[in-house]
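Paired with chain B in one complex and with chain C in the other, chain A is shared by the two complexes that follow.
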Partner chain A sequence: MSSLSMPASGIAGHRAMAVIEARRMARHPVFVLGVALGFVLLGLYVVLVDDKTGIPVALTLPLLGAFYIGLTSVIAAARLTRSTEVAVEAVATAPGTEARRTLGLAAAGIPPFLAGLVFSGALVVAVKEIGVAPQEWWFGTLPDWQVWSIVLLCPVACLDGALLGVLTGRWLRFRGAPAMVVVALIVVTLLGQAPLLETSSSEWRLWVPWAIFHTGDNADGTQTLIAGNPAAYLCYLLALGALAVLGAMWHDRTARTPRFRTLVAAVVAAALALFVLAATTGNHDNRVSDPIPSRATS
Partner chain B sequence: MSARFWYLRRGVAWHSVLGACGGATITAFLLARWPDDAFLLAPALLACCAAAAAFVYDEDALPVVAVTPRGASWRRVNRLGVALVPLSLWAVVVSVRPGHVSLAQPGWWLLGGSTVLLVAGSAALASRRLVPTPGALLAPVVALAVVAPVTFAGLFSWGTLYPIDDFPDPVRTVWLGVAVSGAAVCAVALRPGLRP
Partner chain C sequence: MSAGTSTVELTGVSKRYGRTRALAGVDIAFDRGVTGLLGPNGAGKTTLLRIVATSIGADSGEVRLLGRDPHRSHADVTAVRRELGYLPQELGYPSDMTAFGFVEYVAVLKEWNDREARSQEVRRVLDAAGLADQASLRISRLSGGQRRRVGLAQALLGDPRLVVLDEPTTGLDPAQRADLRRTLSALGHRSTVLLSTHQTEDVAALCERVVVLAGGTVRFDGAVTDLVATAVGQVWLADEPGDDALVSWRTGTGRHHVVGGVRPVGADLAEPTLEDAYLLMLGPDAQRVHTPS
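Here is the complex of A and B:
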């Protein structure tokens, strides 16, 4: 009954739908499990792997949050989106369109984004308290904006994970869709960048939805910072998230107005421009740090 | 025998099972093309096979068929046989070793067999609890869980659960533990009756 008493249109109605979807996401067991795993592993890493120079390879750790929170958000958001389909005939008679409901579902990305933000904050605080080796790629050896951009990839990837889940739920109706999307995302992300990492064209790997900027420790104790502009890449990921929402809304034929098509074209153009900007600015070549003797294995 | 095949042909969610197997086949081709990335592609292939096993017990009309005269136990036992489809695919891929990846075959057969057994057993247990389509949730969660240990290997000094060249004893012990857990879950799930 609460949904029927909701304003049929306008900001207030949309805000009410967004709050409902954000709450459903925050309570979803798969999402909660992913958040718990992400933080437990970060804690284990800080406690178990801390060596005498401080926290090793801190700039690779946003991957943990993006993997556990982001990928579980894909599953949870896809299930939230599909969950309303059982009542699609009843919902279709209610005020509002599918596109509007999809826009409300996009708010399911808020809890993953906040969880990713807390994860990144916890990482920065832990590193500040424990410290890092002076040669480590971090504040001091890199410009602050680059470090912040790489660290903030985690919450943006978590947000994008949820938005990809909404897109998946809207378009793919077979039961295994979230599983296949998760596996495909991992495989594409790996194969899209691994062959390029050691080449002089490594910046063109940045089309993938999760590009790495830091290799971890090399065998000689050095670390490699991969080429590209992380701030532009961060914005590119935001554009991909916006495209996911628009793609999900596109499922509703009534939403495909000329204005909406123009918006989609504009976001596609922005995403392409940001990708080119990410690949052509920032660090033009891979950079190798000074070696950290205690980490050398050969 | 004919009743069994008739039931399996019509009752199993073949689109989901074979779709996931198709994903595994595509991943096997990718592995043949990029054998250097086997550290992630081989677990991804396993994830697809495990996801296929998760759909074996999907049955929309479960509340109806669970109380048919033939009985829920007959249904659950026969459906477990469908898990042989992803299991066979896994066995074939490990035997063929796409891209000449030097997989230690006995270890990788154990690894795949134990995972598929645990996943199919978990789906059977959910089915026993009258969950009509356990695969819808189990498949994506299992796919993610299978690939997740790859992230540990890069960060911690625990070693990998998916060793490519040689299969150390501690890793074998872990997978034997998974196999025993899978067998135990299957035993619980296949007991006669509807609920624990």
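Here is the complex of A and C:
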């Protein structure tokens, strides 16, 4: 046996793999493009929108980051997952299992999460500097925990996008699968919530992965805050992200131990419970703000 | 590993892919040193190496690697893989990784968790593979031979006790092949190295032992010199090609290298090469297994 020592696996090994995958994600051109687009558009919106009352519909802007960073992260993470597996014949004969490699790939969600966090921070700072109309749904008109929850939907959605990408990369091996998943996500998100937004059952839209809480300006200059508990919804999204990772690990047959199955069942139960919590607590009905006269178009 | 147990032991190992029989009742054992695996396309070489590398399982028979049964438990196969280095016949690479990055990734999978030690080891194997200057280049920008050497480098991580190389010389130029022979020769002093190749000169230059596979069975298993000895008296240099030769070709000197068949008129007996012996072994008359006593 060589005199070169070979340390046993453990936390250090997972950390090393996580660093590698996070770095790969941070450098991935599709992800970089998404981040650039998100920030450029936010900047343009803040600078170019001409409204004397301040930044309009600020609470919808986390969706901008979630869209550009989150959706591109789906594609980037899926490609990272597939690209590592082209060397599967060599890496599969190393001591680590596919499930362990998948867990390492989950760290590819760190750069999108951080990018989303910076995006949300930039939004909050911009609003603080420029201001918003006093009738805007924002800090002051809503409890702080609700505003923070909605703002933080951006980084969590970005994280979940990457984790969905890992799940996609593990299970769908045909060309164009990531793009197809992105399209499916958009369609499901739109169709899953649009019919419910203006109804008395709007809180049940919260099953979709990217639910909105703010409709933007209505024709009469008011704004509608859609029903539901954004903090519980945030936790629901985190549970969905965990399920994506577990679903990706499930691809490795050797990982499907009784303990793992129990974990999956527990996370599914938690996700369901959090969904019900999000839908049944918080704002029970849609709330309409006072009108902002300069925004009325009718 | 118990005393007297070979590094690799295959007993009655068979493998099928649908209706195709890849290996049929192979009995073979390997120990420290470099063993060459020769055989025509479809002989079962890659299948044999994949079974030894724990990439696939055998359909029947017994496989023991480093004293363990890799099919018995996850712990056993993991223990084997901790001391295994494998270069597959076809190895893809993540397009965004550098040579250093890819080998480092494999090093992490092979449980090199200390960052400093890992970097040092990655540099060592890249240097051994002749890629010290290309470490920071993206693999997508390397030549085919350089990519092959990246694959070799990851197989050498940790100086494994069992090294399985499937066609490691593909795409290498003569100087690179000479470097590889040097590396594998040194490795063979302390490890069991199995390599399959179509290049008989690599086997002749590097291996003490050669196994010839054909049709999923072992046709020869013994010293390289013994295989070459089977061709003595059956190879000639002649002015004209032999009419019933197994194979002949015109050399650069203008004379014909004739293998097998009846000695052509005026032909001079030639020193046989491993290639000649291999061709004769797998010619139409070589129907039985030959194992030297």
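The rule is short, and it goes like this: the second predicted complex is superposed on the first by the 289 of 298 C-alpha atoms of A that agree within 3 Å, B and C clash if a C-alpha of one lies under 4 Å from a C-alpha of the other, contacts with A are read in each partner's own complex, and residues count from 1 in each chain.
Methods note: a contact is a pair of C-beta atoms (placed from the backbone, for glycine too) under 8 Å apart; a residue touches a chain by one contact, two chains touch by 3 or more.
In this text, all values refer to a predicted model and were calculated from it rather than measured experimentally.
J.: Applying the touch criterion given at the start, work out whether A:Thr254 contacts chain B, chain C, both or neither, answering first, second, both or neither.
T.: Only chain C is touched by A:Thr254; chain B is not.
J.: Let me test your reading of the model: by the given contact rule, A:Met17 touches which partner, first (chain B), second (chain C), both or neither?
T.: second
J.: Should A:Gly216 be classified as contacting the first partner (chain B), the second (chain C), both, or neither?
T.: A:Gly216 contacts chain B only, not chain C.
J.: Check the residue A:Ala269 against both partner chains and state whether it touches chain B (first), chain C (second), both, or neither.
T.: A:Ala269: touches no partner chain.
J.: After overlaying the two complexes on chain A, where does the chain B footprint on chain A coincide with the chain C footprint?
T.: Common to the two interfaces on chain A: nothing.
J.: Touching chain A in the complex: which residues of chain B?
T.: 13, 15-16, 19-20, 23, 27, 30, 34, 36-37, 40-41, 44, 47-48, 51, 54-55, 58, 133, 135-137, 139-144, 147-148, 151-152, 154-157
J.: Of all residues in chain A, which touch chain C in the complex?
T.: Where chain A meets chain C, its residues are 1-2, 4-10, 12-13, 16-17, 20, 24, 27-28, 80, 83-84, 86-87, 89-96, 100-101, 104, 254.
J.: Could you list, by residue number, the parts of chain C that touch chain A in their complex?
T.: Touch residues, chain C against chain A: 53-55, 74, 78, 81-84, 86-88, 90-97, 101-102, 104-106, 108-115, 117-118, 121, 151, 154-155, 158-161, 190.
J.: Please give the residue numbers of chain A that touch chain B in the complex, ascending.
T.: My answer: residues 30, 37, 41, 44-45, 48-49, 57, 60-61, 63-64, 67-68, 71-72, 74-75, 78-79, 174-176, 178-180, 182-184, 186-187, 190-191, 194-195, 216.
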